[in-house]
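Input: structures, listed below.
You will see two complexes here that share subunit A, one where it goes with subunit B and one where it goes with subunit C.
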Partner chain A sequence: MEINWSTILGIIFTPIIAFIVGVTYGGLTRVITARVQNRYGPPIFQNLLDIIKLYSKESNINHGVMQHLGPVFAITASVTTLFFVPVIKDSTVFTNFSFHGDLIFLLYIMVFGSLGMALGAGQTGNPNSAIGVSRGLSQLVGYEVPFVMALVAIMIQFQTTNLNDLLAVQDHFTKWIIFQSPFAFLAAILAFLGMMGYAPFDVVIAPAEIASGPPSEFGGKYLGLMLTSRSIFTFAKLVLFTDIFLGGASDFITLLIKTFILYMIPVLTGIVFPRYRTEQSIRFFWSWPLFFGIIAILVVVF
Partner chain B sequence: MNSIEYILFITFIGAGLTFIVHHALPKLRDTLAILVSALDLYFVIQAISEKSKVVLSIADFHLIWKTTPYNNLFAVLIAVLGFLTILYAHDFMSSKDRLGYFYMNFLFALGGMYGIVYSQDFISLFFFWEIMTWASFLLVIYCCKDAQPIGLKYFVFSAIGAYSLLIAIVMLYSLSGNLELTNLISNFSNFSVSNQLIVVTLLLLGFGVKSAIMPLHVWAPGAYFISPSPFTALFSGALSKMGIFGIGLVLFKFAAQSGYFSYVQIILAWIGGITALLATFYAIFQTDAKKLLAYSSIGQLGYIIIGLAIGTPLSIASALFLTILHAAFKAMLFMATGAVYFRTGTTDMNSVSGLIRKMPFSFITALFGIITVSGVPPLGGFAAKWMLYESLIQSRHYFLVIVVFAASTAAFLYLYRFIFSLFLGQEEKEWEDVKEAPLLMVIPMLILSAFVLVVGVFPGLILDPISQSMNYLGNFNFNYETSVLFNEWGNQVDMQTVVNTIGAVFLIVGLIITFKGFKKTRYVSTKDIHTSGEIPQENENLTYAVDFYKPFERAIAPILKSSIDKIYTGIANNLEQAFDYLRYVYTGNGQTYAMYVVFFLSLLILFAELIFGINL
Partner chain C sequence: MYNDKEASKIVDIIKNFARKHSLWIVAYGTGCGAIELPPTMTSRYDAERFGIRGSATPRQADVLLITGYLSVKTLKRVIRTYEQMQEPKYVIGFGSCTINGGMYWDSYNTIKALDRYLPVDVYINGCMPRPEAVISGFIKLQELIAQGKADGAKRYQENLEWYRENQRKVIKNWRMPEYNW
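Entry: the complex of A and B
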């Protein structure tokens, strides 16, 4: 890995852009949700203001080292995921380290944050946190399986595990993987619903039931850090899906359009659906998404 | 004398001596055991450069012990783990009695393993195999009377394995008139196909019992659970690897020559996959930390079996990598659990909780252990898992890779439960006075933790000896650098970049969050939490541990209903009834037996011509 100016620029600007975009999308979600529910809703930049407010607050208490480090684990995973995804196609600045890692690495680094968070939430001793973690990990097993099936189908089809190679394959919009292997996309996008944690798969934080679950003992700078991480991670996941299925983006406008459309899928689903119980959501992920995943693999094989 | 002679001599004499010393000078006993294992370690490393060979000729049988790259890999693993576990045992066992018995069998088990890995003929292999089995059996039943049925189960399954090994060895001898490994390997292709298949199946069965692949695993959870922790670490870390050692040898030295190899491969790979998945599911619902780790161990060996069975260079590399790594992390986890047991007297995850602040080093070991098992970067587990997935995908095992992935994702569940129940969660008053384990127990744990960290950043360090031993097994070459892994399509993972990124972000954010208003925060207890306005009383139980994964259990309930253990128990019960009828035959009356003898002799005479071809 050689260090030059474009690498350094990428390292500095990618997380900042990711944060701004992620936070704005978060604000937009709140507005859209409000409009669907016939409310006016907060301003678009409310999430950013919230985060700034949280950072400026003074924290008085902590529950120990793991609780202190939990949000740090989360943001480490988010930023690392971001660095290993090519944000802008063929750009020298925004490809970052994507040549040094592949899809299987991304699969694992994406759960790194949740596990770190789970450890942090565990030390607080709040039973709600533990219940949330138990649900979250169970649901993780649910949606990872169809997601991996989709990825395996794509990896076999294009004989590569690197995102840049996948981008190179999709040089024209007719060659986007969403059209080349639609079943893989179906499996992956259903898994994506679970990954984003909006309803019907929001049993992990279940606001009115277990007091927002794992993050319930985190406030002030810790909550601020977690929201930052969540914004960056949302953006990273959206870019990942854009790269895999929608042919990536060669400029920021295209990127914003594609990621926004993708983002609206879980958001709009979330607005109209009530909440699944954990075992229901696991069974859901192991029914239709799994079926699509199997079809996707079979299509590639035969 | 050369190094191998020294190793076998020192270990076995040392085993006997510790038993004697235990009665004469109890204080010297532990030192002697540590000394023996340290000397073993020294001579094992000597043997690598020395290229030792020992030949012993008895009655026309040549017993041969020799170093090969493949042997050395396992010998080093045994020696290092043996040394660390004996070091750990010093404090752990200090309050127990019958320590002469314990250390003698411990060293016998070690010696048996050295014998197995260095053997170049099937006679000495079988001989040492039995020594190892006996020593481990005696350690399984060491603790108490409860161990009896568990020990019996272990013994019956070991016997099944040993008999299949023995039959295979006898078959090999009758087919080729020779039991030297090199001769057998070169003769193997001359055997008829059915003979090849029978020999390979029997050998795999024999070795498979020790590595606890399903459906031969039922002895493992109990045996790992009941044996004392230092030995459990060795048991799961090294002893079970003897099965892997044998399976590797059988697959690539024998089975690869037969025409049915691809079928053997695919069957074995799927057995490994199912083992990994089901063992993981069982592990999730255990309530005892040691039982959880036992099932986890079975599952991890499933991955190793898959890696060996697939048989591409990358998959074998991942299997051997995981073999070494599993020895390290499973020893770490068993040691950390042992440390908890040492201080609290229980490993029940429903009752122990919140030990993180009392046992920080054990917690760090457990944390490193679970990160390695889960395969999350940057620790060593990631490299092993990565190589396994890549090789599965590239060798077009589409559905097996899904099974493996489901298993290793589900592994997060039990791993989190393990660390959460023991170390995190509510700090109960009951465990207020718990202290960190003694220094001699902490040191081996930290050494292994450092090892998994270094291997995670520089997997190439142990891929060097692995690629040498793969060249011994067959002509397997794969591409790697000290910290970069490549798959067969040429895609890479650069661990150095990964670790740098993770490290840098973690440090920067960690420092910022720590120094931002750090002095103003104070530690509050785990009772001081958000409970919707209610103030929890001092004696109120806020621990969430019982039925931790109830929702997941509901989701996968249909899979868990059937259990192979129940089938075996059913068979055993039926056999018991059948043997009841045998009582009518064995009346206990001498005259009846005399009648049987006369009856049998008359039968012999009647059918003499048919059976012996002679006319009386």
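Entry: the complex of A and C
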């Protein structure tokens, strides 16, 4: 059997790049939040220091098997999501494992991390974790519906479920799907606000209210794994949205610019908004984003 | 050829650097000192510059900040909070009350010297210490961490019996879970 070295290189380097970019974006978020609040803010690599510190914690606690496996599930889901998204267009190294039907596969695997976390948090027996998990899964049901609507509209419009085919369609910037199918983009970006978990949809981890929710009993290395997973997952989602709506990127500079602009939408929204309760956020997701999703499908079908 | 000691020294330097610049505090704010924490964390003094951040639960925290006097009743909760934190962990005694009882020195219901019950790494004196003093206390703790001298958790483990004896002396209804760490 012939060994495909470029795929192996992609497997090794994609998570590392995703981690570095995700952590830097996380640090940047904290700096931007601080500047908005008229503070100086932490250094840009603060999140990296936090993660190193969490990994260097010495003692750990044991609540059972699922508590150890929960963060592992989360990071598995993040890295798997990343592997099925073509990071750089037409690159031999960074296209990864994109295949026919990967949009449907991504819809499933993106939920897997949250479910793994829910299992892990449930094992710890902390009441705050249980509240956080129930809130998180309710909200998941809320934003998945408009997101699926948007993706289905795109699948019908271009008769494909392959990300590489979608990238091939958007060969010129006038043909980006954001312009070809704006209602699908609206529905998806509103669902994206919920996916990223910044305010107003941060009721899941509300630190002052339910003591950071699902991870409230996790410290040290488990929390480090979760933050790593979150950084990688952020990058994976941003690249997915760039691929679907913004025509992908043929080099890293373009990728960074496009993902950064996309990333600023939830961050800047999060800075100025207070927090929705769970039922309010579900009501929101099932009103305007769902409406836009239905409009997108109707426009495509008729 | 491959010097193991040097390698572990480099790892220690990296670890201590990260620990020093990322202090997540759980503030035990039953004393009056808690009122000084909001100005320390918000835009006027902005403690996040130094990587100091509030944490939601004791499991995630590094620094236990005892802000002011401790009554016997709250001491019990503080001990449980401290034992739930994960190593390496540090304690900062905040205000005169944690040093010698302060204005509560002759109270029947508060402890006088925190160091008899929990291992304190840094004291910040004053009644109340202003945010500048709080930040300078944190920077002192950072220096100690960088030099590897902030070993309160180790002292607590080594002298556990002595600490337990002192704790049992003041806490009359001792119903605490036995830990096996």
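The criterion applied here is as follows: the second predicted complex is superposed on the first by the 297 of 302 C-alpha atoms of A that agree within 3 Å, B and C clash if a C-alpha of one lies under 4 Å from a C-alpha of the other, contacts with A are read in each partner's own complex, and residues count from 1 in each chain.
One rule holds in what follows: a residue touches a chain if its C-beta (ideal position, glycine included) is under 8 Å from a C-beta of that chain, and two chains touch if they have at least 3 such contacts.
Computed from a prediction, not measured in an experiment: that's the story for all the values here.
Of the two partner chains, subunit B is the only one touched by A:V141; subunit C is not. Of the two partner chains placed around the shared chain by superposition, neither subunit B nor subunit C is touched by A:F291. Once the two complexes are laid over each other on the shared chain, residue contacts for A:S216 go to subunit B and to subunit C alike. In the superposition on chain A, contact is made by A:Y108 with subunit B only, not with subunit C.
Applying the stated contact rule after C-alpha superposition, one finds that A:P207 touches subunit C and leaves subunit B untouched. In the superposition on chain A, contact is made by A:K53 with subunit C only, not with subunit B. Once the two complexes are laid over each other on the shared chain, residue contacts for A:F260 go to neither subunit B nor subunit C.
Of the two partner chains, subunit B is the only one that A:T160 touches; subunit C does not reach it. When subunit B and subunit C are set side by side, the one touching more residues of subunit A is B.
By the touch criterion defined above, A:R39 lies against subunit C but remains apart from subunit B after alignment on the C-alpha atoms of chain A.
Looking at subunit A, you'll find residues 58-61, 128, 211, 216-217 touch subunit B in one structure and subunit C in the other. Contacts from subunit C toward subunit A in the complex involve residues 14-15, 17-19, 21-22, 24, 42-43, 46, 48-49, 51, 54-57, 59-62, 85-88, 181. Interface residues of subunit B facing subunit A in the complex, by the touch rule stated above, are 354, 356-357, 367, 371, 374-377, 382, 385-386, 389-390, 393, 396, 398-399, 401-402, 405-406, 409-410, 412-413, 416, 419-420, 424-427, 487, 489, 491-494, 496-498, 500-502, 505-506, 509-510, 513-514, 516-517, 520-524, 526-532, 542-545, 548-549, 551-552, 554-556. Across the complex, subunit A meets subunit C through its residues 30, 34, 37-43, 46, 49-50, 52-53, 56-61, 128, 207-208, 211-212, 215-220, 223. Against subunit B, in their complex, subunit A makes its touches with residues 1, 55, 58-66, 68-69, 71-73, 75-76, 79-80, 83-84, 97, 99-102, 104-105, 108-109, 111-112, 115, 118-119, 122-128, 130-131, 133-135, 137-138, 140-142, 144-145, 148-149, 152-153, 155-156, 159-162, 165, 211, 216-217, 221-222, 225, 277-279, 282-283, 286, 293, 297, 300-301.
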